[in-house]
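Below, each structure is written out as structure tokens.
Next come two complexes built around subunit A: one with subunit B, the other with subunit C.
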Partner chain A sequence: MPYKKTEQKFNGKIGVCEIGAGDAAISIGGEKTLPFLGGEGFKTAVGIAITDSPEDWEGCFAAVYGDDMKDPAAFAKAAVEKSGADFVLVKLASADPNGADNSVENCVATAAAVEAAVNVPVVIEGCKNAEKDAKLLEAVAKTLEGKNVVLFSAVEDNYKTIGAAGGMAYGQKVSAESAVDINLAKQLNILLTQLGVKPQDIVMDVGSAAAGYGFEYVASTMDRIRLAGLGQNDDSLQMPIMTDVSNDSWGVKEAVFTEAEAPEWGSQENRGIGMEIATASACVIGGSNAIIVRHPESAKTIKSMVAGLLG
Partner chain B sequence: MSKFMVIGERIHCISPAMRQAFADRNPDPILLRAKEQLDAGADYLDLNIGPAERDGEELMQWGVKLLQENFNNVPLALDTANMKAIEAGIKVYNREKGKPIVNSADAGDRIGYLDLAAANDAMCIALCSKEGVPANNDERMEYCQELLERGMEHGMEPTDILFDPLFLVIKGMQDKQCDVLEAIQMITDMGLLTTGGLSNVSNGAPKHIRPLLDCAMLAMAMQCGFSSAIVNPCDKRLMETITACDIIKNNILYADSVLEF
Partner chain C sequence: MKKVRFNIKGKRTVELVATDDENLLDAARRAGVMIDSPCNGNATCGKCKVKIVSGHVKTTETRHISEEEMAQGMVLSCNSTIVDDIEVEVPDLASSFVNEMQITDLSKNENDNIKHVRKKLIKNGMTNASRLWSEIIQLNHPTVEDNMADEDRLKQYFKLKLGYNDITLSLNVMKKLPDAFRENGFEIEVVYLKRRDVAEILDVKPANGNKAVLYGIALDIGTTSVSACLVNMDTNEIITKVSMGNAQVKYGADVINRIVYSQKPGGLENLRHAIVDESINKLIEKLVKGAGIHKEDIYEVCAAGNTTMNHLLLGVNPDYLRKEPFIPAINVIPEMKCAELGININPEGKIYLAPSVASYVGGDITAGVFAVPIWIQEGFSMLVDLGTNGEIVFGNKDFLMTCACSAGPAFEGGEISCGTRAVPGAIEEVIINDEDLRPFYNTIGHLSPVGICGSGIIDLICEMKRTGIINGKGRMDRTLNHPRIRFDEYGIGQYILYSKELDNGTKDIFITEIDIDSFIKAKGAVFSAIYTLMESLEMPIDVLDNIYVAGGIGTNLDIENAIALGMLPDIPVEKYYYIGNSSMQGCYLALTLTEGKDKIREISKNMTYMELSVHPTYMDEFISACFIPHTNLKLFPSVGN
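What follows is the complex of A and B.
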């Protein structure tokens, strides 16, 4: 008997968000069904992460990038070339007041240099200190006006500053971070919308966890968000989802233990890539419209997986 | 589960202001009431033009076009004793946001309204009554069955019929309230949808007591599966109760600002 694909019809539709400017612009979202079960909106964008604090990354990345890692612009260019990624995410980890406490000016200069070096959309991540990120992402939004970057991410404690600067004053995209808390995901979208940020300028950073480390909670969160947006037509949850799995995947023992520490586990690089691919592919199937990884091999694998699923 | 559907009842010719506006074809008071109800969260608007024996067809078409053109094709319930007027209204109705609802059929003289809805691919409110109020739930369910069969004979989807168990006034029929809830549960258990004019429950009670009774009845009815109601959406307490019940039933996702969205 021939296979007959039945498509579940929903009332709701996931919004489309355009990121990047000019020829470099791409759009994410737009689906009317659960992931890969319908005909449109599933060109899941794959992003490659770089950092301004490369000393924090595992040794295998030095072998991949060499001296390029020391210069964020060269790093970004090499990362996009090696991975074929659709966009790049720059982590301004050096800004962390509990770490290097790099100045806002320096970090903004890094972001601007990265933006100028690549011709793909850019996502700018802060240092995950709410107070510093408010200042940092506000300044980034101002300096990169017109480049339509994603500010990654606003949280409950700084959404007003980041939303007002990014989503309103300087026309950037605002990511709303909810750390696998489904009610907070909805709440932040409502708060940003009430502030005046347009729904099409918001993406959801609903969080993740490395595969095997509580990922089932991530999966059920994504499912519930998508079912609310599609099935219940809840327009406070119809924004595209952007997920960065790189920190979680490269932060668990499978990726962190060196070959000297765990000789029986084999190549550390392969283990890290494996964790990253397992986590990223699960997020893509769960509904992430844009997925961010660290290793160029992970990016290539996820891109080919998406292409294969689309057929 | 889908969320509870609110049909706004305030464009009704029983109101002198509306009656006058219909007579004069004066859009402003009608548009104002429509906007108030939609802002308050109504999903559908009921358009009750009264008996409208003389100019019903033209009046219904005027009302349908007026509301849909001004409010982004808002879905409507067409409510009049003049069947031709309903049919005329459906002819100019835009289905982008939902099918029209015919308001209403019963198992007695008004059973033809179901045929009308079926012939025009509309939904239909079906009162579980024949002559006056049903005496008990045996009668209610018998009428429900008759209406269901009639609709299906004419090709309707069972979920295009909204069964109205008939809410009864507490002042006078207090002992029958639980019957109504039980009827909602039985109709829901058949996989069917329900609706009803909720405010009947508190008719004649003092103004400050009415919202309390309406809200409690609504919450209890929703627990029995009640899926929509014809209400005044400007009753804030009632709308908040619906939202709270939708959250508890997992029909909508909770967020701290859920009432402000």
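What follows is the complex of A and C.
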């Protein structure tokens, strides 16, 4: 009897979100099935992260980027070239009122410079202070009108400002951030759509954790979100998922301990890349439609993994 | 030794001598002064705030007392010790919850329901009479030839004239027999209970021409409130209804806190004393005084309470109710004398307690189901009882399924900053103007507002959502700049319904984000229980012909608002009936229909209990339901954005 391959069919479909403008635009999402289960359109865009506060990024990246790190525009350009990434994420960490407290104007200028320097879609991340991010991402949305950037991310405390400015007034995309919980993710999506942001303008940042550091919660949350969207056709959970694993992966001891501190563990850079690849690949398998890493080698590896799996 | 004087709302003063370093809350409890303390003295809930008017106490700082309040002499009574002669003002907020006794009529819904159901049950073959009877009878005088004993003479009369097989009588009645027979020439009045073909003699007295009126009491023992109806057993008429807060509240707001308290030395006895002497007997006194009758004329009490209340009333250790696998000591409680429990009616008077089904489905529910009555209907119906525990019963004449969820006291106004039971002056209806966000409200009895009861809380939160003051998570819009919206020093939002400043009021009545959160959890618990029960039977919600909503929420409940909040399933409002206190109604019906009590027992045996706490999907459903109206908007198609 000939072998007949059966494929599980789902009622729901993950929405498509287009990011970037003109030639640079790419689309994420759109699959009708779980990741890598048959040929129903799942693919992952890989993003490379850069920061406006390079002093935080320790020794591992100075060797990769050299002086380019000091200028965000040059940093972004180099990162895209070295990694072959599909898009770039700029972290405006300097805006943090508990840190450098850089002004909104300066940060917006950085974002604009990065956007102008690269020919890929841009994701703008704030400093994770809800109040400051509201002001910052609102101003970014205004300045970069027409560039279709992703504002990364709106949380419960600032979704109104970021949703209204980004998703509605200036036609950008809004990422909705929640802390590894299907219900919190769902609630924020509902709040944003009730505010008037269109579902196709929302991506979900459902949270992550470094592999080995409670990742099972991430895995089950992603699984449940995708099964609800595909299986139960729950339209409040059908937005594409965008996951930034860079901070988590490079923040655990395996990546933080220098070679002097843990000589038996070998190269610090390799350890960081290893953590990042392990975490990112797990998120991709879980259904991340866009994955953001820090090291160009990680980006290349994930891209080839996805290509290999899709065959 | 220190002298402590409590001023309660300016109404009365209580003095007591406290030992040195005695805890202020303990002293108040000892003096019988009600101070609301849902957390049972752990300094976590902040409800036991009192004001030290003169003298001082040793206290520690707490987040519940602001600097301003501290300057005014406010302290938490549970973390204050008495080191001085003091005068303490127990403020309105603390004493309003366990209010003074209220004499009320049954609401229109309640009256309509009992009349309707009583007729229906009689049509279904129940006897239109209670089992309590009295007769004036003339016995033959004994002679040397007719020398049978007094008791035999009475028995003979019951056999030959009234058709009974036998009579029973207690020692107390025996003691009355010889003199009562002879005082008025062997003409006597006998009060007895009809137990099929046996008459149980409760009282024998010399006849004085008129047959005395016999009374019974229908008693609802809730975790939060206790109410009693005095019933004329000859006419089945309800004479008055009285209700008050359950005096056990001072030992904890919910059953779990009370069970925990019962394990402390003397705890079980204190709880029993609080329910019997400080609640039930007080209600009976009030009923007796109000109606101008003697308590000796009350012969029957038909009571319903949840399983924990039953245990505490009986003085049976309730500890195993709260520990897995949640086993009650007793479900079906035999009828006993009120005197055995210390309840003050006729010394021979009986108490019947509606049986429980499980640790969290008690007699209040079995009595409630009797009063609904889904157990004689062909079509599917549901009873939703919104109390401190939410209980759900689903079924028809062939089967009954039940489950319980922990809703907390929010529906009855408990653990809500300005919450109150449904008493006169409680805000029971609220509308908020779209334009200027001003509230309009009605209070029970059209008095000046004292607090918000359950139905008012439902309206208020629904209106706040509709007008955009809060979002689906119950969080207030930080961008609104409005005199009725303020944020406290911890950033917690409040919406002011009535205040000294804005309305020239006598007090401030407001709702906080924390209150809204408690309510959302309560409604989420109820909805997810309904949903999980129906899902487990693979029945869609629309098989329901009727949903009966019961509970002490208020005199009325806006079903549409309850649906808009995602508290009740989205089916047409015509299918809903708000019937008020169903447990009380069940007690009344059991009191006035001969077969009633047996029927409740039968119902309780036929109810299948589902334990939600171990149900695999209940927790997920609960979390999904903790949003207004629900995170699955498809369950609420009629509720727009």
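As a working rule, the second predicted complex is superposed on the first by the 305 of 311 C-alpha atoms of A that agree within 3 Å, B and C clash if a C-alpha of one lies under 4 Å from a C-alpha of the other, contacts with A are read in each partner's own complex, and residues count from 1 in each chain.
The rule is short, and it goes like this: contacts are C-beta pairs under 8 Å (C-beta built on N, C-alpha and C of every residue); 3 or more make two chains touch, one makes a residue touch a chain.
Because the structure is a prediction, the values reported are computed rather than measured.
With the C-alpha superposition on subunit A as described, subunit C and subunit B clash in the combined arrangement. Of the two partner chains placed by the overlay, neither subunit B nor subunit C lies in contact with A:Lys13.
Of the two partner chains placed by superposition, A:Lys147 touches none, neither subunit B nor subunit C. Of the two partner chains placed by superposition, only subunit C is touched by A:Lys160; subunit B is not. Legend: residue contacts after superposition of the two complexes on their common chain; A:Lys135 is shown touching neither subunit B nor subunit C. Residue by residue along subunit A, subunit B and subunit C are tallied for touches, and B comes out ahead. When the two structures are aligned on the shared chain, A:Gln187 is found in touch with subunit B and with subunit C. Legend: residue contacts after superposition of the two complexes on their common chain; A:Asp234 is shown touching both subunit B and subunit C.
The single stretch of subunit B with clashing C-alpha atoms against subunit C, selected from 97-105, 115-123, 133-141 or 241-249, is 241-249.
Within subunit A, the residues touching subunit B in one complex and subunit C in the other are 183, 186-187, 190-191, 194, 234, 236.
By the touch criterion stated above, subunit B contacts subunit A in their complex at residues 2-3, 251-258, 260-261.
Considering their complex, residues 182-184, 186-187, 190-191, 193-194, 224-225, 228, 231-232, 234, 236-237 of subunit A touch subunit B. Contact residues of subunit C toward subunit A in the complex are 471-473, 475, 477, 479, 623-624, 626-627, 631-633, 641. Only residues 156, 160, 183, 186-187, 190-191, 194, 234, 236 of subunit A touch subunit C when the two sit together in their complex.
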